[in-house]
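Got some structures for you, see below.
The two complexes that follow have chain A in common; it is paired with chain B in the first and with chain C in the second.
Up next, the complex of A and B:
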């Protein structure tokens, strides 16, 4: 396979960061050169363990996800019946929890846990990023931070889905969908925390906001809390859960949130650039891929073979 | 004892039947015990004048003789009643044990008369819209707190007070009053709303004020609906009891029972929601409230003409939410459609999700 400039750059950076020696470098170059140009063949032919092959998320990230996930759902479960108590479904649900006197205490306690999980996440990210920066290992494109390239990638991916492109674009560890989701969740959490705190500490917010805007702010927050909650719940139910449970290849679920591992076919299909890093970092993955390429005779494209055959004749 | 005396005693026993629960000294029940005692009044309304002895005997007024309140009744059968009972009348049979004077509701009645709700019993026009004592105060016929006191308590009291009946009555009297007798916050809101959310009533007063050039409270016309939209209103409606209800802000704090009868207009300097008193009122719950805090609107409305900011913010929020969901679901559908065309199965099987035949690229080598 002839790598694109972006992929080549990712590979070079990874080999530099990992202090790859010459032997390994040759090995990596060999396996990459024997990969078919058509990446589709690669992710269609690998064998994956449904619970994941390649390590992706640390235990901290998994704990943070779990905390956010559990608190979010229980917050929605206790909060929405309060926000929409006029609706017929809300009364029995609120009664089930023990009425508003109980549900608001549960809601506020869980909110504190959710804030803690946010703090944990931010502190962890800060720690890991600082460490990587100091060690010269930090790569912006490998992080969740959106770049202009994401717009191109999104456009190309849509073109692929509509049949206007042969392959999906080469995407990094975090593809556009994950970046949208992450920042939507981060923004949503922030809105929920600020608006929720304006219910618990209205005096605090009134004190720091100019008197002329204090009432507007309070009203805006009262609108934001249920609107954002409902939006978040719908996004989670109809988009996130679809993506991780029901999208082709993901049923019954992607186990990444528990095992921290992603399946090989998924990594190659949607995170090819990260897979290149895996080839640098994981000798066993190189070996697996080389064996697969040899066994399935994928080293060259069918088209290439055709071309070679044509040249020979 | 002669036969005549015996008959007289038997007849008099009818009037002091202890099962009735109260003493009918004036013989009112002679007529008023009958269910069909009533008439159709001048407005065509059917009025019943029946007094059910056992029911009345359970009420707080059971010990007050009828003629203490109906003091215009001087003879039997009595003349046509024109004035009716006024709640500031003086009981001649019940003494106030603290002062030794005749018992009367006059102090609280005078307080009420000085409030924005104050009116005479018989009123017409706009004044008749205001509540009279009986609008809010019924004469409850049963109170579980008045059930017979526990024997051990009576046993203890009679050691000094001797009379079991006296002790039982005092126990009932006291227990009724020391237990929570206030309406719940939700009930208070419901009570105030029964007039303040009556659109016809509110419109009548708004119109009249406009005509007379009188000033009404800024939120007078939307008092109930805007309160229900507020944080206080919403949680109170759902049964939460610690959020402010109408009386928490509109009645002064020093003596709840007295001040709830002394509601004043917000322009009255005596009102706790008067501009000068708002901060102190807010601080009674929100102890850290400052001058800015007072600017928060406790009666917010989302009506376009009253609060365009909230109205449009709500609309924009709704639209943004809808658009986001539609876009994301569309994106997921496009992705699914694209990947399905390329041969992705929904379920991973034997280590791969790519067993289906692709319509656009190469298939998995089987």
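Up next, the complex of A and C:
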């Protein structure tokens, strides 16, 4: 496989960061040169463990996801009947957990847990990023921060989905869709926390907001809290759950949120640049791929295969 | 190619899927109730 300029740059950076020696460098170059140009051929031929092959998320990220996931669903379950209290359907739902007074307490307790998980996430990100920057290992394109390249990648991926392109673009550890989703969730959480806190601590917000707009602010918060909640519920149900549960290749469930690992197939398809880093960082992955390529002769292009077929007949 | 899941893995995966489908149904039901002002 001939690497694109971007892929080559990712590879060089990774080898520099990992202090790759000459022997390893040769091994890496050998395995890459024997990879087929058609990445579909590659990811359809690798064997993946359904619960994941390659490490992706640390235990901290998994705990943060779990906290957010559990609190989000239970907040939605307790919050919707509170927001729409005057609707007849809300009464039995509130009754299920002991009436509105109880569900309010549960809702606020869970909200505190959700805020804690946000704080945990921000502190953890700050700690890890600072550590990486100090060690000279931080790579902006490997992070969730959007870059201009994401626009090109998005355009190319759309071309692929409309049949105008042979292969999906080479995407990094976080693809455009994940970045949009992440920042949408971050923004949504912030809206929920600010608006929710304005219900519990109105005096606090009244002290910060100018008197002329304090009442407007409260009105705005009253409107945004339930509507942002509905929006989030729809995004989770139709977008997130489609991507991680229902999409072909992920059905019935992507295990990354539990095991922290991604399947090899998925990594090559949607995070090819990260897979190149895996080849640098993981000797066993290199060995696996080289053995597979040798065994199946995937590196041959179609014309070579025709030649072999002709010679055999 | 992704290898076949073991029975235990299948149990976990499909029950999680069941749970999220239940939540989707619940969420949509609530939104429908809200929109129709039932």
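Everything that follows uses one rule, which is that the second predicted complex is superposed on the first by the 298 of 313 C-alpha atoms of A that agree within 3 Å, B and C clash if a C-alpha of one lies under 4 Å from a C-alpha of the other, contacts with A are read in each partner's own complex, and residues count from 1 in each chain.
The rule is short, and it goes like this: a residue touches a chain if its C-beta (ideal position, glycine included) is under 8 Å from a C-beta of that chain, and two chains touch if they have at least 3 such contacts.
Note that the structure is predicted; figures quoted are calculated from it, not measured.
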Touching partner for A:253 - first (chain B), second (chain C), both, neither: second
Partner chain(s) touched by A:216 [first = chain B, second = chain C, both, neither]: first
First (chain B), second (chain C), both or neither touched by A:245: second
Touching partner for A:76 - first (chain B), second (chain C), both, neither: second
Which superposed partner A:262 touches (first chain B, second chain C, both, neither): neither
Which superposed partner A:11 touches (first chain B, second chain C, both, neither): neither
First (chain B), second (chain C), both or neither touched by A:3: neither
First (chain B), second (chain C), both or neither touched by A:89: second
Touched partner set for A:192, first chain B, second chain C, both or neither: neither
Larger contact residue set on chain A - chain B or chain C: B
Common ground on chain A, meaning residues reached by chain C in one complex and by chain B in the other: 44-50, 230, 234, 249, 263, 265
Complex contacts: residues of chain A adjacent to chain B: 38, 40-41, 43-50, 82, 85, 94, 99-101, 104, 157-158, 160-163, 166-167, 177, 199, 202-204, 206-207, 209-212, 214-216, 218-220, 222-224, 227, 230-231, 234-235, 238-239, 242-243, 246-251, 263, 265, 296, 298, 302
Complex interface listing, chain B residues touching chain A: 231, 234-235, 237-241, 286, 288-293, 295-297, 300, 307, 309-310, 313-314, 317-318, 320-321, 324-325, 328-329, 331-332, 334-348, 350-354, 358, 360-365
Chain A to chain C touching residues, read off their complex: 44-51, 73, 76-77, 80, 84, 87-89, 230, 233-234, 236-237, 241, 245, 249, 252-253, 255, 263, 265
Chain A-facing residues of chain C, complex: 1-5, 9-10, 12-14, 16-17, 20, 23-24, 26-28, 30-31, 33-34, 37-38
